[in-house]
Amino acid sequence: MSKVGKKLKKNMRDNPYLAAGLVITGMVLLLIIVGLFWTPYEPTAMNAKEKLSGISLRHPMGTDNMGRDVLSRVMYGSRITLFIAMGTVAIGAFAGTIIGAVTGYFGGMLDEVMMRIIDAMFAFPSILLALVIISIFGTGWVQLLVSLGIAFVPSFARIVRGEVLRCRNMDYVENARLQGVSDLRMIFVHILPNIKGVLASAILIGFNNAVLAEAGLSYLGVGSQPPYASLGRMLSDAQQYMFTTPSYVLCPGIVIVLMVLGFAFLGEGISRWK
Amino acid sequence: MKYIIKKLGMMIATLLVVSICVFLAFSIIPGDPALRLLGTEASPELLAQTRQQMGLTDPLPVRYLRWFLGFIRGDFGVSYNYKTPVAGMIVSKIPITLTMAAMAFLMTILISIPLGIFTAKHEGSWLDRGIIVINQIIMAVPPFFSGILITFIFGMILRLFTPGGFVNYTADVGRFVRYLFFPSVAIALPKIAMTVRMLRGSLIDEAAKDYSRTAYSRGNNTNGVLYRHILKNALIPVITFLGMTLADMVAGSIVIEQVFSIPGISRILLTSISNRDYPVVEAIIMGIATIVIVVNFLVDVIYRIIDPRIGFEDE
Amino acid sequence: MTGRSFNRKAVSKLLTIVLATLTIALSGCSSDKTAGDDSSKITIGIPQDISGLDPHNITGAGTKEVLFNVFEGLVKPDENGNLNPAVASDYTISDDSKVYSFTLRDGIRFHDGSAVTAEDIKYSLERNCGLDGSEPLIKSFSNIESVSIVDDSHVDVVLTEGDSDFLTQLTVAIIPKSNQTPDSTPIGTGPYKFVSWSPQESVVMTRFDDYWGEKAFIKDVTFKITSNPDAIVMDLKGGSIDMFPRITSTQAEQLKDEFMIYEGTMNLVQALYINNAEKPFDDVRVRQALCYAINPQEIMDFVSDGAGAEIGSAMFPSYSKYFLPELNDTYNTDTDKAKELLAQAGYQNGFEFTITVPSNYTQHVDTAQVVSEQLKAIGVTANIQEVEWNTWLSDVYTDKNYQATVVGIDASTLSASSLLARYVSDSPKNLVHFNSREYDETYSKAVATADDKEKTEYYKECERILSKEAASVYIQDLPEFVALNRKFTGYVFYPIYVQDIARIRPVEQ
């Protein structure tokens, strides 16, 4: 433990990305975790006397057009955003890995057909694919989660397939095959653990894309429904008050940026881990 | 040549799969298109008659074939909401979205390539580091947020453009392009950041490869031959990325059109999605998918021309 | 890579090109005002696209208010709630209110230049009667027995049963019989003629110079669809639109320095409409509990800074002849009472339901949010589902597939029946599935009565029943704030939901 601690300390000093990533992500996560148990105000509690007030001690991020506390709403909203992004990546990575591994390993007709379908899905930018799926299932955050998840499958499938193809012909796989290891065991025990590095970076990038996609779709009004709001939705509501209460627009926006930036720095830092 | 033919075949196969997926997706949705077209107050006889006319009573494969052939001929059916042919609705909007995507693409190339080379050249300098950090930040800003900020700063404070003052190309091409400048910036920003980062990494990797090290050690770096070599090799992955970016930009305009109140393809797509005006949605989605697939094909071909070493994937 | 140098020249050349391009592009971006400089044209923002161009086949107040400038009926409402002769220059009504005789205005022309004939009037009215066996487009037109041409300039409308209120229905648009495509090339007699419609973009009109009455002041009018309510203030401030009817009070606050802000009422019955046929709303106690729990004044405070007029039934104050202010007090906010009623109905632990709201109407979405918050106090969870306007029209308004909705219902004519007819149990427009025999009887008495005073009394009784039975939670008549560029003046409010652009004129220099 102390060894890891020491290594972390050393890395923190030499690796500003890691340090910055940890600090920023830590801040955002703290905001979310605290928000699970306590928010300064009820996120939906309205107050007619304090509509659109700017930053103050009572309201560190000001209030919105209904007099609701923006900080409390941001704490709640970033939880939704984080949750949807994590769910999206989980669905995408899980389904993508299985599809990629199986098609890459077995090849043949199955691979050919699956790859055409994956190519076909790739023809839709993820935001568009999600919109199509939403247009079929309807709006709401569950639909948003599922559609973004599906939209993220092809990229994971492609990455994993490529890696599996690379590993398939390596010596150790050949050896295992000669020893009569079953196909499934081969995929999940011998090949997949070897590509976890690639998968990890794909997950980090995917996570950031998911946060941005969720924000974009919520901005378009197909995500979470009022009175609760994800960060993207808050921004779209806040846009018209840019003149009177800039804090209402800037605070949720900055939190999105920090969320993505933190994970990006973290990814960068991990890749430089010595 | 064989390569190109194979890629062409794959492109057509993908297009077919896309069209089947799109068609099926919108056929399984509950709801009767005839009812949607006529409204709920229509008589049952008229409904049955319209269903017949629309060919909804035919088996699925027949309907698919008819739809697909219509699509190729540019006949996308009739909008449920506007009761007019879909083609007419979309065609006038295409130049708006495409101009915006093209401008964003142009900006991306014009800015990111020199900047990528610059940062690679000065790898490790404070300027390079600064640019990398700025890059990271820009990548973390959702395009619609930068759109809001741009509207506020350039539109409201500096008054460089009139927010919402979109002028259609049919009215005044100059003002049309001028209005699209800032939205294009909002679309291009994250793409510029990504391309710079990618090109920089790629250049550094290439320069570290054996052939360039050898060349350097022989002092072959005076006439720029080497430079061109490295750049050429380094550009290969960047071109693939830019190809995908072009498609992303069309998609990115969905949100940006909303921020800047531009009545382009995306506005129609969004309202049609929420109005469940499926013929319009199908047509736009097929259109965008076709663009993406064709661009990817072209990228593959260009790729091949630049670097003939690339063989078939997994062969 | 430091130390190994790329071709410095090539790089600097590229950078120069980039900078030059940017400079040119930016310098080209100097401020351009698209609207306002030329006061013979005006751009008006509207919150949603129109639903069609055929005046007899449109739904939605948002479409009617635009087409009001293009079409006219035999009579036309004015801002004081009177009906003035329009296509007809004069009319007489028989004593039993069965025969309405109209004189065609002399020399009146359609936008295509052709003269309006008695034949056109007959065609236009009959088109709405459903004489070919189909459902009449206007329900009350099923009362028309015949439309007969007396001579070239006189038309009689004969009713099956006498109806002293029928004149209010005759604002229906008169269109030329010769027009084969009224849904794409609308031709009317109004002060403006239609030029073009680009879906999701704009509707363009131009002044009709042969208009029979006082001609419009402004020549070119563009209704620009601004479906993103968040962009309204920016669009107005930026100058791309000159006028926006129905902005929120917060928006008005932001715009008041640069724009003329007119304040009136929208003439809508804004309510939490609840589907009486659905559980738990089939129980009158549940509906009453909601009425006790929801505080209209607080809603007005949040949504429009306290402006707006409270209502207690399906009637708004500007129909002063029918409005009953005392109904505002049928249910004064009382959480305990509400809980008690819920307990009696068997919902002591509350329940959950969904409010479907059209997303383009900020006021209704905001109201739904406040309602949802207020209902928490009695343990009722109201989820909010935002939908596009057309989806709302088809799912909620037409198919009535919903639990509750917040929306404003307008009156299409100047008669109380236009607000009350929809509560008759078998009316196809019965949005809330209200079902009361007492109401049906009272309403049919109101319609049957020829005497205006008695009729009004019956209508009032209808309102009382709606209030007592808590057909819906009636909230308010929303305040209407209209922002108008200071270059223009003359905006007038109507007691019905229209925008009369012909009255707006440039400010004299």
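All chains are identified by letter, namely A, B and C, in their written order; residue positions are counted from 1 within each chain.
In this text, contacts are C-beta pairs under 8 Å (C-beta built on N, C-alpha and C of every residue); 3 or more make two chains touch, one makes a residue touch a chain.
It should be emphasised that the depicted structure is a prediction, and the values quoted were computed from it without experimental measurement.
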Using C-alpha centres only, name the chain that sits farthest from subunit C.
A
Quick check: more C-beta contact pairs in B-C or A-C?
B-C
Distance-wise, how many Å sit between the C-alpha centres of subunit A and subunit B, to the nearest whole number?
22
Could you work out how far the Cα centre of subunit B sits from that of subunit C, in whole Å?
39
Compute the distance, rounded to whole Å, between the mean C-alpha positions of subunit A and subunit C.
42
Which subunit A residues touch at least two other chains?
139, 236, 239, 242-243
Check: subunit C positions touching at least 2 other chains come out as 231, 234, 237, 387
Residues of subunit B that touch two or more other chains sit at 156, 258-259, 274, 276
Can you list the subunit C residues touching subunit B in their complex?
1-2, 4-7, 10-11, 14-15, 17-18, 21, 25-26, 28-35, 49, 51-52, 134-135, 183-184, 198-202, 225-228, 231, 234-235, 237-241, 387-388, 390-391, 394, 398-399, 428
Under the stated contact criterion, what part of subunit C meets subunit A in this complex?
229-234, 237, 250-251, 253-254, 298, 301-302, 359, 365-366, 368-370, 372-373, 383-387
Residues on subunit A engaged by subunit C in the complex (per definition of touch):
44-46, 48, 51-52, 65-67, 139-140, 221, 225-227, 236-237, 239-244
Using the touch definition up top, name the residues of subunit B that touch subunit A in the complex.
10, 13-14, 17-18, 21-22, 25-26, 29, 136-137, 139-145, 148-149, 152, 156, 247-248, 250-252, 254-255, 258-259, 269-270, 273-274, 276, 281, 285, 288-290, 292-293, 296, 314
How about subunit A: which of its residues touch subunit B in the complex?
116-117, 119-120, 122-128, 131-132, 134-136, 139, 165, 208, 212, 215-216, 219-220, 222, 232, 235-236, 239, 242-243, 249, 253, 256-261, 264-265, 268
